[in-house]
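Should a chain be cited, it is by its letter among A, B, C and D, assigned in written order, with residues numbered from 1 in that chain.
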Amino acid sequence: MFIRFVSTGGTIDKIYFDALSQFEVGESQVQHILSEALVQFDYGIEALLQKDSLELTDADRRRIREFIDADSAQFFIVTHGTDTMVETAEALKGIEGKTIVLTGALSPARFRTTDAIFNVGMAVAAVQTAPPGVYIAMSGQVFEAGSVRKNRDKNRFEST
Amino acid sequence: MFIRFVSTGGTIDKIYFDALSQFEVGESQVQHILSEALVQFDYGIEALLQKDSLELTDADRRRIREFIDADSAQFFIVTHGTDTMVETAEALKGIEGKTIVLTGALSPARFRTTDAIFNVGMAVAAVQTAPPGVYIAMSGQVFEAGSVRKNRDKNRFEST
Amino acid sequence: MFIRFVSTGGTIDKIYFDALSQFEVGESQVQHILSEALVQFDYGIEALLQKDSLELTDADRRRIREFIDADSAQFFIVTHGTDTMVETAEALKGIEGKTIVLTGALSPARFRTTDAIFNVGMAVAAVQTAPPGVYIAMSGQVFEAGSVRKNRDKNRFEST
Amino acid sequence: MFIRFVSTGGTIDKIYFDALSQFEVGESQVQHILSEALVQFDYGIEALLQKDSLELTDADRRRIREFIDADSAQFFIVTHGTDTMVETAEALKGIEGKTIVLTGALSPARFRTTDAIFNVGMAVAAVQTAPPGVYIAMSGQVFEAGSVRKNRDKNRFEST
């Protein structure tokens, strides 16, 4: 089994820069999470974008889609900011024969208390057990693209 | 969605008792992991056994099977020691209409570096996406019961 | 032994708000750190201010000084942002018969990797072993007020 | 400032070996703790012994004393199991002109929740602020050798 991880930024990868008293998107945390999880499958990590998801443009979404289209892998996990994860999932629908799972975190992976590790674990299981299609793995659930929204007030993902 | 968690002991729940200079199976860590993961589904946790998996008997395995059989839930996650997880998975085969995922950890959940959180995340995704049957979620992979072994030398689970 | 903790904000207490994609000063982390450290002395925590230290005014510093002056305790630990910790230490000089240690963190206490726990440990030891006076405990060292600066380029505290 | 760390084993350095379902003294965690704490002083780490402190013999204690006697450093921090830390502290009394602080942990440094980081922070501050002599830094307090005991029932160190 081979999984291609595509990182695009978002809270999951945020890091704090004391010198600036500022919090920015840092390096992908996926490698670190997979090492700790003692995973035994083959994988590659593509650092495609490094943005808050509110800043992602249509051009960025086309770039993600083109990357997945052109890549020979069958299983893809896209780490992504939570605010527009739903929109990017929609934009990836219709790619034939590939399973694509988007995930991210409501609390940065570098935090002591974070949903990032659990969420990447969910994505890794979903990508290998679900039929081809586009999914979001957040809030302890695996949603199909098109039937999920982020409820900002309740800080969670839920079915539509 | 409702998931029934059944804890049986194993490394995932190990705790260190300084007074005894000893390491023993403690309370289930599942509640703690699910809280941090900000999950939004309904669940119940049944603390059925609290043993190293090398100490599990056939009677213990019958008890796990009877519990799942009698419970009205459809989705089950069994946390379990790794040494005989494969045997317990075999012993649970043939229960109709339920999806059962066994998971655990090679490093205790109370450790700073652990595979426990990731593994429970995998189990949560697998139980809701895989067809009814019995699975093991370990080493970054979701295996079907009957086609997986623990390779003790390499400290990992692998297909047979 | 009784230690009075006075929290004023700073990186040590920063928390991330996903809803705002923003990082702000949150509740004091001192209580959490002391619980984990299994400390056995008596203490009280006064949440006096909740600011980045660059935003602290002369009036804020007077308020800290007046609080310490008026409080009957002998040992004080002030958690503080790092950027103006040196200035606040200067502003507290000359209080008779009390030992005052300022500390904080270059990386938030809520992070998995942080200097906060170690630094509070240093402050707790310094406040009970050093003679009355004002000190800064950072970068693995206990400096006397008036002979220490923050080197922003090297992200550390050092003797002047 | 130069601090010589001497590791002798104990709970602070315990690691869990899943293959053996066993918990043993592993490598010294001091290096890891100091790196995370962003300390800026010079130090060396001597891995002298790797034992549970109940197994330390008089010969082991002589070896620790001879090592410190022969070493040119002025500041020493000895990481040590908690059960006989008090005895080793007694055995180190009377070394002239050196400050020696013993510390350790009631919960292993590799745990997510541990007193190890805080305790090493206390020891680092105590060794540079206290007058020459032998001390124990545990339970949030800096005790002088000869006036401290471990209360096993309450799992803490306290004055005698």
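Heads up, the rule we're going with is that a residue touches a chain if its C-beta (ideal position, glycine included) is under 8 Å from a C-beta of that chain, and two chains touch if they have at least 3 such contacts.
Not measured: the values here are computed from a predicted model.
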For chain A and chain D, what is the smallest step count along a path of chains that touch one another?
2
Between B-D and C-D, name the chain pair that shares the greater number of C-beta pairs in contact.
C-D
Taking each chain's C-alpha mean as its centre, the one farthest from chain A
D
Between chain B and chain C, what is the separation of their C-alpha centroids in Å?
43
Compute the distance, rounded to whole Å, between the mean C-alpha positions of chain B and chain D.
37
Based only on mean CA positions, could you tell me how far chain C sits from chain D in angstrom?
25
At least two partner chains per residue is the criterion; list those residues in chain B.
106-107, 112-114, 155
Which pairs of chains touch, using the document's own definition:
A-B, A-C, B-D, C-D
Within the complex, which stretch of chain A touches chain B?
1, 33-34, 36-41, 106-107, 113-115, 117-126, 128-130, 137, 139-142, 155-158
Once bound in the complex, which stretches of chain C touch chain A?
11, 14, 16, 18-19, 21-23, 52, 54, 82-83, 106-108, 110-114, 152, 155
